[in-house]
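First up is the structure itself, then whatever we jot down about it.
By letter and in written order, the chains are A, B, C and D; residue numbering begins at 1 in each of them.
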Amino acid sequence: MALMNFKGRNIYYEVNGTGTPILILNGIMMSTKSWEPFLKSFTHQNQLVRLDFIDQGQSDKLENSEYTQSIQVDIIEALLKELKISKINIVGISYGGEVAILFAIKHPELVERLVLFNTTPYTSPWLQEIGRQWNAIGKLRDGATYYKATIPVIYSPSYYASKLDWMKKREAFLIPIFSNPVFLDAMERLTNSAESYDARNGLDQISAPTLIVAADEDYLTPIANQKELHQAIKNSELVILPGVGHASMYEVPLLFVSLVLGFINTLETKYQI
Amino acid sequence: MALMNFKGRNIYYEVNGTGTPILILNGIMMSTKSWEPFLKSFTHQNQLVRLDFIDQGQSDKLENSEYTQSIQVDIIEALLKELKISKINIVGISYGGEVAILFAIKHPELVERLVLFNTTPYTSPWLQEIGRQWNAIGKLRDGATYYKATIPVIYSPSYYASKLDWMKKREAFLIPIFSNPVFLDAMERLTNSAESYDARNGLDQISAPTLIVAADEDYLTPIANQKELHQAIKNSELVILPGVGHASMYEVPLLFVSLVLGFINTLETKYQI
Amino acid sequence: MALMNFKGRNIYYEVNGTGTPILILNGIMMSTKSWEPFLKSFTHQNQLVRLDFIDQGQSDKLENSEYTQSIQVDIIEALLKELKISKINIVGISYGGEVAILFAIKHPELVERLVLFNTTPYTSPWLQEIGRQWNAIGKLRDGATYYKATIPVIYSPSYYASKLDWMKKREAFLIPIFSNPVFLDAMERLTNSAESYDARNGLDQISAPTLIVAADEDYLTPIANQKELHQAIKNSELVILPGVGHASMYEVPLLFVSLVLGFINTLETKYQI
Amino acid sequence: MALMNFKGRNIYYEVNGTGTPILILNGIMMSTKSWEPFLKSFTHQNQLVRLDFIDQGQSDKLENSEYTQSIQVDIIEALLKELKISKINIVGISYGGEVAILFAIKHPELVERLVLFNTTPYTSPWLQEIGRQWNAIGKLRDGATYYKATIPVIYSPSYYASKLDWMKKREAFLIPIFSNPVFLDAMERLTNSAESYDARNGLDQISAPTLIVAADEDYLTPIANQKELHQAIKNSELVILPGVGHASMYEVPLLFVSLVLGFINTLETKYQI
């Protein structure tokens, strides 16, 4: 664990293991800690780089400010410089996938391969409304309601039903966090930073081999989003996870890890059939 | 328009047209008025019977009480008696589809054919959480937040994006209603009345030819729900509406009317191939 | 039943019932007789017009000749003139759907509404190979092999398994027909008449309200074909039949009839939501 | 390359590379040679074991005999003994996936992890008909017709259209092979060996972590087959390849290799979420 100074703010990051490096980018509510269950597998043959985006986890907050995801893109660029990594594999989920796309468009030469889980090419008017709902409820400082508005919808109904006990524990764990004004304000800024996200015009700039993973019970970034990515990103492959929701890394952890490591560690990306 | 007395409460209903009768049952936020756009087509060759469930539209409220959907089932039975209708075709969407199923299980002899749009066989733990979220937000008496929590999610993202102006008008129209404590309390009771809904054990009692219509961007009652209905209801047919959300009657009105009238008015239900 | 003279050839057709007229167009192996099971329902409120295309059923053969589907389009035009029908609803399945599309492009003013089952906008290279396979096997004059090559593939695996007895009877019935050189030569000409079919450039000319019905176990005209039709035909609606194959009218007859009659007999096609 | 004697017959096999061993099992028309394009990637960190089943490639033919897939299961068991491998990862596609399943049921202690592409739990009546069609056409000794009957159907229509030149070359290459009576007789025996295949009662015996890969334009072993496998094999994961046909390893080679290596080389299969 370490801190990087970015324009006067601390950015928290972790580097573990050795081997072909992988940078993994958090979803909006996640942090470096969210990846702990996967650490052993991800560092078995690879170096894993994690970071908390600005306003996430142990990175600094950016109180009373407005920003877009381009700040997160710049943070990643700075971090790679700090770590002296000239080219890296990037894995992103949801918000992290959006930042990964923006980064790959701006710095194609820094990206080896790209893996995008539950990612949309743009924030649709519909998704903007979901974000505004979260923000409106966040202002109430009522953790229980914030939980109900944000958490069930990111899991598939079948997973939710099969893990009820786990969900109840998670609810108990999250409600205090979701009642914390500092967290809620940061969440609002993060949500706002994605509101204008639209990478559609730049997708043809992405040249890295890209794996796009869609989940067919993902209600926040439905499968049509990933099909659009697949059509626009030239060297891309598309896989669908049936019966899985937006939080795919937790619903099907073995598949999540297998897809990431399989795509990144495979020697050749072109095959002479 | 007319009122029926049900155990001391007024139930509002309307009967229009002549021909083979069709009873259409509202979704939870709907009322008899919601069907006005379809009135001309539905009454072209059929008699259309509409009603507001207890706590809906112009029917009486049931303040300070708890009930299940069985009260709505009894209201329908009373209404058919009042109208001297011995057998009827029933169309239900969402909450109305659930009541239609419960009615068809309890009174199979009264049901000619059944059409179920966006209907689940039971309220899953996941859907219960959605209901609890709605209730929690309802208690805030904040129409704008209630709108954000309940309305975008019932439309498919693509429909929402293509009808932004219409959505904005709808938002302006709904916010005052969604700020009204009387409406919000009624919505809470209606939501609660469905919380324990589970018709799975009775589905094999339904003998009427049944058309089940699923929409593949319906996030509240996902397609897996309708597949379960199709497997359990013996004389059932299943159709999928691609790119359509939970409010299918508004997203694809021509398909909605065509499916209802086609299934109900077709002379024969068995074909010797 | 009646015969129409078309450029010196007899075209067999039938007109039954009274009411809003519906012209139903056969799939490649079908004939006017194939629709007998649906006759009662189709003529309940409508006039049903059927015909055998050239080289089909009781219409004349066109020995030793090559033609495209435009000849079938001209036959329909002639038949409507003969019947003094100035505008008609057209239903087509597969080959019949292709002819319906070509007719609607050439004579938009003659088409009231259009219903297309299991229809492709063009004969893909892949489908051309299937056609060449059928022709190659047809030349063997071996009915049993022709049956194996053409029939199982048009049904969904689940339907086939559930109707094994029926399939065996059908095989016994069809093998003599499939051994008849006159039938096989006609089939070859019909197959060839569709080989160059490509309506993609004309689809935007179709103005009639159009219902497109796809079946998700249709291997000859997969669902991607119907999605392409839906995107290109402006006033079109798309419905998917899950677990159904290419011969949808036989696999789900009640749905087939309901979809046709519902779409054609509904009073209004535009709804003010 | 090497030969193993199995009950007086030569079985051809190849072992390449070092590392965690992977046994890859051919589809019915494939041979050890079919995997050459993947050799470099598969042997980068793993030992790859390939074999030709009896009646395939360079293994001996079993003229004038009838057998089931259990002979292939016994050949694998013998080969593992020969190679002194006590536990192995098995990858199978189609026919090879069926043999992999039968092997995993009979010898669960020998199977580390299992990857099944385009595999069915049983030969359905529908698939039996396809097999009989192939056999009937095989008896004609006409390579061009055998090609048309067997090859286009194993690719998705979109892949076929996009690779027309490649397909034409492949056709030219395959027709002489498909005209060879020795090959055709072997194909008939192999096809017959799968006709009675039904592993459904044994699937709950499989304990190895299993990855099931379905392709949604696979017409020979449709997606419903893989869903059935997923439900019955306890430690299984399901992934869907959209727009891909039965020959998934050739249509999406990078995905094929990534899925295999990712699933097999991932350190942990259980994650504490």
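The definition used in the following text is that a residue touches a chain if its C-beta (ideal position, glycine included) is under 8 Å from a C-beta of that chain, and two chains touch if they have at least 3 such contacts.
By chain, UniProt protein names: A, B, C, D = Alpha/beta hydrolase.
Computed from a prediction, not measured in an experiment: that's the story for all the values here.
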Both-way neighbours, i.e. chains that touch chain C and touch chain B: none
Most widely separated chain from chain A, with each centre as the mean of CA atoms: C
Inter-chain centre distance, chain A versus chain B - centres from mean C-alpha coordinates, in Å: 37
Chain centre separation (chain A, chain C; CA means) in Å: 49
Residues of chain C whose C-beta touches two or more other chains: 243
Chain contact graph, described as a line, ring, star, complete graph or other shape: ring
Each pair of chains that touches, named by its two labels: A-B, A-D, B-C, C-D
Complex interface listing, chain D residues touching chain A: 37-38, 40-41, 44-45, 166, 209, 211, 216, 227, 237-243, 250, 252-255, 257-263, 265-273
Chain C partner contacts - residues on chain D that touch it in the complex: 124-127, 129-130, 132-133, 136-137, 140, 142, 144-145, 148-149, 152-153, 155-158, 160-161, 164, 167, 217, 219, 222, 224, 243
